[in-house]
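See the structures that follow.
Both complexes shown next keep subunit A, but they swap its partner, so subunit B is in the first and subunit C is in the second.
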Partner chain A sequence: MSCMGRTVFIGLDGVPHGLLKRLADDGTMPHCRRLFEIGNLHCIASTIPDISSVAWSSIITGKNPAEHGIFGFVDIPINTYRISFPNYLSLKSKPFWEKSEGRSVILNVPSTFPVREMNGVHISGFVSLDLERSVYPPGLLSQVKALDYKVDVDAEKAHVSMDMFLSDLDKTLTARGKVCDHLWQHEKWDTFMIVFTGTDRLMHFLWDAYEDEEHWYYKAFRGHFSKVDAIVGSIIDRLNDNDILVMCSDHGMEHLDKNVYVNAILKEHGFLHYDPALKGGFANIDGRTKAFSLDPARIYLNKRGKFPRGCVAPNDEEKIIEDICELFQRYAVGGKAVCKAIYRKKEIFHGPFIDLAPDIVLIGNEGINLHSGLTAENTSEETIFSGKHTQHDAFLYVRGRDKCPSVKEGFNVSNIIGYIDSLKAERWR
Partner chain B sequence: MTKTLDHLSRLENQSIFIIREAYSQFRNIAMLWSIGKDSTTLMWLVRKAFFGKVPFAVLHIDTGYKFKEIYDFRDTYAQQWGINLMVVKNDEAIAQGVCPKTGKFECCNQLKTEALKQTMDKYKFKALYLGIRRDEHGIRAKERVFSTRDEDFEWDYKNQSPELWDQYKTKATHEEHIRVHPLLGWTELDIWQYILRENIPIVSLYFAKQGRRYRSIGCETCCSPVASQADTVEKIVEELQTSTISERSGRAQDKESAYIMQKLRSLGYM
Partner chain C sequence: MKKGMHNKDCTCWSCPAINLAGKVDFRACGQSVEQIKKFQDEKGGGHIMAECRRRPELGLYDPMAITFQECPEWQDTEYGYLLKNMRVMILGIDGYLGWTLALWLGKLGCKVSGIDNYSRRNWVKERGTHTVVPIARMTERLHAAKEVLGIDIYFRELDVLDKVALTEFLKEVKPEAIVHYAECPSAPYSMIDFEHAKNVQSNNVIGTLSTLFAIHEAVPESTLIKLGTMGEYGAPLTGRPLFEGFFPADAVLKWQDKEWSLGGELTPRDPVSFYHISKVQDTFNVYEACKYWWLRSYDVMQGVIYGVHTDEVAADPRLRTRFDIDEWFGTIINRFVAQAIVGIPLTLYGAGEQIRGFIALEDAMQCITRLIAKPPEPGQYGVVNQMSGYYKLRELAETVAAIGKKSFGLDVQIQRVENPRVESERHPFNPIFSKLPDEFGFVQKDNIEQEVSRMFSLLLQPNIKSRIEEKRHLILPKTWWSGQKKEVERIELYK
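Now for the complex of A and B:
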C-alpha cells in the first residue's frame, strides 16, 4: 500500500482558475505559487447548474447529476409542490470513500450531512444542521467541539456588519485548520480531503474588494486567501514523493451586476401562474402553469401526472420547451442578454434519475445572477452580493510522482475522480 | 359526489387486495399502528379484508412521549377490535437517557427505528404493513407498494422491482424484509373522505380546539398544532380542499427546513 502513496484532496470552494493564478502570482498565495511552478493548473468546467451541492456531489461520486440525484440545494419532489432540501441521504451514488478499501479523512465537503458510518473520519459541510450529526465517528465530537469547530461562517452577519462577518470567517477558518491538523496527526488514513468553504462566502459578499485596490476590504480579501494558503502550505510540506495531491474548486466566480428572476420572467410571459400574496410559495402554483423554475435557473415543465396540478400533456412538451428557450435567448435586461447558454435536459443529463432533472437549465450571462425565488417583485434587481457563480472556470491541479496527463476538452468536475483513478492505475502497471 | 365514492371504493378495493395478497405470501407478517389517521384507516381496511378480525400482531412503537389521547385511543380500540397488540420499546436506550432533549434525530433513531429493528429481529417478522402515503413526504415519492429493506433497514431504492400494471413482487430473500404499503396511492384528502364515509373513529387531537388542531401526530415533544377551526371530519375535508400548507408543517423535523432556508437565503440562494 505504501508504494501506492496516499491521496490528499484540497477543495477551494468557488475559487475560479483566473483568481487563483493571479493570487499565486501576486504573492498573496506563495505556497500555491510554489506548487504551480511544478505541475499544471487546469481550467475546468463545473456542473450544470454550477452550484456547490450539485458540483461537490459530482466531484465525490464522479457522476452526472442524473446519476447521483442532486440537482440543487432545493427540489420539488414529484406529486407535490413542496420545497424539499436534498442532503447526503438523497445522494444516490456512493462517494469515492465508500468505494475504496483504504481509510479516509473527509473534512467539510458540502452536502454530506448527515454523516453515516464509513471507514475513517467524516465531518460534513454546508448545510449541516448540528454538529452531532456532522461528525463520524461520534467519539470524535467532544474533540471537535473543544477546538471550537464550526461547520460554516454565519453569513447572516454579513447582512449586518461586514467586519463581524470577516471576524467570524477568520475564526471559522482557524478552527478548521486546527481540526485538519488534529486529524492529520492523530488519524491513520490513505485519503485525506479538506474543503475550504470560506472562500466562496467571501467572494459572494466581497468580489468587488478583489478587483478594486481602493476597496476598504481589499486587504481583508487577500488576507483570507493568504491564510488558506498557509494551511495549504502546511499540508504540502508534509507530503512525500509518493503522494498524489489534488486541488480543485467546484465552480468559479465573477462580478455580479444584477439579479435576474427567472420565475418573474416566466410569469410575465404567461408560463407561470400563482398569487404572490398567498403564503406557501410553490404550493400556490395554479393549474394553468406550464413551467416553473428552481434555484438557480432550473426550469421544470408542470407536467400532467408528475405534479398535482400539472397541465402539460406529453405532446405539448416540445413546443413549450421551444418557446421558453426562445424567450430566454432574446430576453435582455438593460440591453444585455440574460443568458450565456441554455441547455435542454438531454444535452446535459444522463442517468437513472433523468426524470427528476429539470427540463431546461439556464446559465447566466457575465454579471447576471439568475435566481428562482418566487417573492421577487421585479424581473431584475440590484443586490448586496457582489460575486456570482460561473460554470466555465473552476480549476484543477494535480501533482503526482509521475507526469500527469493534461485534461481533455470538455473536462468537468465530475471527471476528477476518474482522472485520479487512472493516475493510480497507471502507477500499478 | 358519485365520482368521489367511486374513487374511494377503487382505493379501498386495491388496498384490500394488497393486504390479502401480502398475508397470503407471509404468515409471519405484522402491522405498524401509530394510532394516527393513516394507520387507523389501514386497520379499518385490514378488518374489512379479514371480516372483522386482525389475523396478525399489531406493533405500536412507544417512545414514552406520545400524547395521552393516543394511549387512551390505543387501549380502547385494541380491546374493542380484539387486536393482538405488541408495544415496542427500546428500553436500553431509554435507560441510557435518550430523550428529545439529547437530540431529536438520535431520539427518533433510537426510540423508533432501533426499537422496531429489535422487535423485527426478535420475532423474525418477514413483512410489515405500514400506512405511509406517497404524497406525505418527499422522501416517499419513490416508494413501492411492496418495498424491500435489507437487514440494516436500508432502503436501496435502486434495487426495487418495478410495479407496472399493478404487478407486485411479493417474495423476499432471507436477509431482507418487505414493507407493505397498502395506502401508498392515497392522499391526505382521500384518507379524510374515507374516514367520513366509513365513520372511522379517530384520535381527538385531529379536531380543532380553541382554533388549533394537529394535522399530523406523533410524539408530544415534536408536534405542534396548526391554526384551524375544523372541529369535525366534514370541516377537515373542507379545509384540506382549500389549504396550501403542507401536512407535516407542524413536525419538528420540518422546522429544520426553515433553518436551511434561512441559511441559503443569507448566502443569496433562493
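Now for the complex of A and C:
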C-alpha cells in the first residue's frame, strides 16, 4: 500500500444533490449520511449538454467536450448525414488512469467501451456491446462471467413489466457489488473507481415513485438506493484514514412532464426540410434545411461544405443562429417556455474540436425533456418516463474537512479530476 | 430498374458483414423494421447500432445510413453489387449445382468454400449407374479450378448431419452467404422403399436442421440460401396461383358469407413424394428458425433444372459438372436428350400433359448470385419461385425431338408409358415467378432450344455417348409410387 494513501472514486449516475441529501437524511442511505457528517457535499453543474456520455467523458479526462470530442450519444460525421455512435475509441483526450503512474481499477464508467490496454483493470460501462470487449485484461473475463456480471440493466424490460425491470436492476447491482468486492480483494491498486448506473435507469422510469409515498414502487425505489448505499458502506468500511474518497454524479434529475421535439419545431418554422423520398433518417434532410437537431437538444447549422446538402453560407450563419435562439426563447408548450437556457457554441465550448460542436445547445425548462425527434409528428407528447436529466444539481462529495480546496461557483463535473489532483497535492504535501 | 443494380438501395441493415447491436433487443421483440426505426428516432436511447467488420474505422453507426451503392466494399458486377472477396460456403459443393456454382462464384471474385461427403456419388453408385459426363475426383477438380480458372476453393469432406463439425467449419470460415444444396434431390429415389425414404428424409430434414443450428451458433448474420422445389406446391386442380411462398396482401379467404385476409400467410403445400415432403418440412424449419433466431434466408423454389453449360464448367474437361440420366437422378430434359442420342423414344409418363416450371443451369446460377447480392433483412424468410418458364412435358419432348432431328440428324420418337407416379396428369398450372426478375434483376439468358443444342453437342461426344449406352437400361422407370418394382408398359408411340 502506498504510504501516500489511495484514491477511491465512486460515481452515482444521474443522482441529484437534492435527492441524495434527502435519502441520506430520511435513513434510506445511512452510510452516505455517515459520510456527509465527516466530509463536504457540494452541489455542482453537469456538462452542456447534460448527458452521461458527455459528462463522464469530461469527468475522467477533466476536459471540455470540445477537447475530448464527445458531444452526445449520437453524432453525424462531417460530409455525411450518417448517424454514428461515438465510444471510447472516439475519445480524443486521455482518461486520468492513463496519465497517472499508479495502478487503477476502473469499473463501469459509461462510454469507455471497448476497453484497451492500461495499467490495471478496466470493465467498461454502458453502452457496451459485448462483455468480451468490456473487460481488460482479457484473462479476467471468465471470473467476471462466473460472477454473473452484466454491464447494464435491460431497460427494455421496463416497457414490458416494471417488476421484471426492477428484478433485473437488482440482479445487475448484486453482480456489480460482487465484482467490486472481488476486484477490491484480489487486485493491487492505487486508484479504485466504480460507477453505479442503475440509479439513472431507475430515476428515468420511476421518478414519480420517489416523489409520491403512495406510489406502488415507492419502497422499491428507495430499496435500490439502500442497496447502493450498502455497497458504498462496504467500501468505506475498508478505507484507510489517509485514503482519499470522492463521490460524484454526472448530472442531476427531476420530474418529467413532456417530451418536446426540437426538430419538429425547426420543421414547423421552416428551418428544417425533410424529403421522405430519400433513404431515411437524417439522410432525408434536403438542401433547403438551415438547421437540424441531434439528441438531446444540440442544434447544428446545415453548413455549406460541412454537410452533403449544406446550404448555409458563412455570412448567413449569425443571422440564422439569432433567429433560432429567438424562436426557442419564446417557444412555449401549454403556456410554459420549453427552454431554461440557450447557449451558443462559443459560450460553452473551447478546444481543438470546436468545429465538431453544435452551434446551439438548448437546456430544457423544468419538466420539459428536449429531444431530437426527427420524424415526430407532434412537437410535444406525453411519455412513459417520469424523470429527466438536469444540468444543475449534480453533486460532489469529498471525505474529510481538512485540507480541502474550495469548490468555487461555476464548478462543473469537468473540474472534478483537477480538484482531486489539488486535493492530493494538499493532503500529501 | 437499372440492369444489375437491383441492390443499390440495400443498406448495412441487411449486409452480412455487419454486427448489429443496440439497446433494443430487436432479435426478440418481433418489431418490424419500420417500427424499430420509429422507436429509434422518437424514443431516444433505443438505437440499433451497426459495426462493420470490414471497415472498423466507421465505428458504431446507424445501420440504415450507408447503401451498397455507397459502400466501397460492395463492388459493381454484372449481377448487382457484390461484396469484395465475399465468403460464400456451398453445402453439397460436389453436386450438379454445387460444383457449377463454386466455379461461377469463384470467377466472380468470391472466396468459395464448401463441404460434401460424396453422398450423391454414392447414391448413384448404389443404383448401379453413373454420371454420363465424367467428373474428376474432388482433389483433381480443386487443382483444375486453380490451374485453369485461378480459383482457390477451400473444401472439407464433411457430412451436413455432423452439426459439431459443421459449426466448427462455419466458425473457421465465417461465410457471409451459405448456399445449401446438400440434399438428396430425387423423388423416385425416396420412393424405392422404407430405407430410401428414411435416408432421404433424414439427410434432408435433419441436415437442414443441423445447418440452421450451426448457423445460429456460428454465423447468424450470414445469408442462408436454401434450395427448395416448385414441387412443394403440387399442382392444385383449382388452378389457383402458386404464389411465391406467401399469399399476397390482397388475398382473401371467403367461406359461408364471411371473408378473412390471407395476406402474409404461407401458401398451402401439396408435396407429391417422400422427397417433396422433406422439402416442405425444410420450409417450415427454415421459416421458424428465421422467426425464432432472426436468421436470414431465401428459400428457392426451383423449377426442374436442365442443361450442361456455364463458361466455367466448359473451360476444361476436369471442370465439368455431373450429368445424370437414370430414372432416379436424371431430370426430364436431360433424360430426353440422352434418350434421343441412344435411340430410346422420349418417355412421357401417363398423359404427358403435366405442366412444370423449368430453368437452365446457367440461369439458375445467375439467380443464386443475384440473391446472394441482395441479402435478406434480419429475421426475413423470403421465398422466390426460380423458373424461367413453364411447359407441358409433351411439348418439351416434341421440342427436344425437333432439335435432335433438325440440328443433329437423329431419328427421335416419343412414347407414352404407364405413369408410375401418383400425380395429376392433366391440370391447370398458374405459377407466379415475378420476384426474381422484378426485385432481383434476373434476365433469362438461356432459352431451351439453345441449351438443348449444347446438351446434344456434348452428349454426342463418343465417350459420353458410350457411357449413356452403358446405362440405357436404367433410364425407363421401375420405381412405382405404389411400391411395386416393375417395368412400365408402353401406351403409345408416336413420331
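Here is the rule we go by: the second predicted complex is superposed on the first by the 419 of 429 C-alpha atoms of A that agree within 3 Å, B and C clash if a C-alpha of one lies under 4 Å from a C-alpha of the other, contacts with A are read in each partner's own complex, and residues count from 1 in each chain.
As a working rule, a contact is a pair of C-beta atoms (placed from the backbone, for glycine too) under 8 Å apart; a residue touches a chain by one contact, two chains touch by 3 or more.
Fair warning: this is a prediction, and the values are worked out from it, not measured in the lab.
Superposition of the two structures on subunit A shows subunit C clashing with subunit B. Contact with subunit B, but none with subunit C, is seen for A:78 once the two complexes are overlaid on the shared chain.
After overlaying the two complexes on the shared chain, residue contacts for A:403 are found with neither subunit B nor subunit C.
By the touch criterion defined above, A:376 lies against subunit C but remains apart from subunit B after alignment on the C-alpha atoms of chain A.
When the two structures are aligned on the shared chain, A:283 is found in touch with subunit B and with subunit C. Ranked by how many residues of subunit A each touches, subunit B and subunit C are led by B.
Of the two partner chains placed by the overlay, subunit B and subunit C both lie in contact with A:130.
By the touch criterion defined above, A:156 lies against subunit B and subunit C together after alignment on the C-alpha atoms of chain A.
When the two complexes are overlaid on their common chain A, residue A:346 makes contact with neither subunit B nor subunit C.
Applying the stated contact rule after C-alpha superposition, one finds that A:295 touches each of subunit B and subunit C. Taken together, the two complexes place residues 73-74, 80, 82-85, 89-90, 127, 129-130, 154-156, 279-280, 283, 295-296, 371, 373 of subunit A in contact with subunit B and also with subunit C.
Listing the residues of subunit C that touch subunit A in their complex gives 9, 11, 19, 21, 23-25, 29, 37-38, 41-42, 44-45, 47, 49, 51, 58-62, 64-67. Those residues of subunit A that touch subunit C in the shared complex are 73-74, 80-87, 89-90, 127, 129-130, 154-156, 261, 279-283, 295-296, 371-376.
The residues of subunit B lying in touch with subunit A in their complex are 103, 105-106, 134-135, 138-139, 141, 157-158, 244-246, 256-257, 259-264, 266-270. Looking at the complex, you find that subunit A touches subunit B at residues 51, 73-75, 77-80, 82-85, 89-90, 92, 114, 126-127, 129-130, 132-133, 152, 154-156, 158-159, 201, 204, 278-280, 283-284, 295-296, 352, 369, 371, 373, 383, 385.
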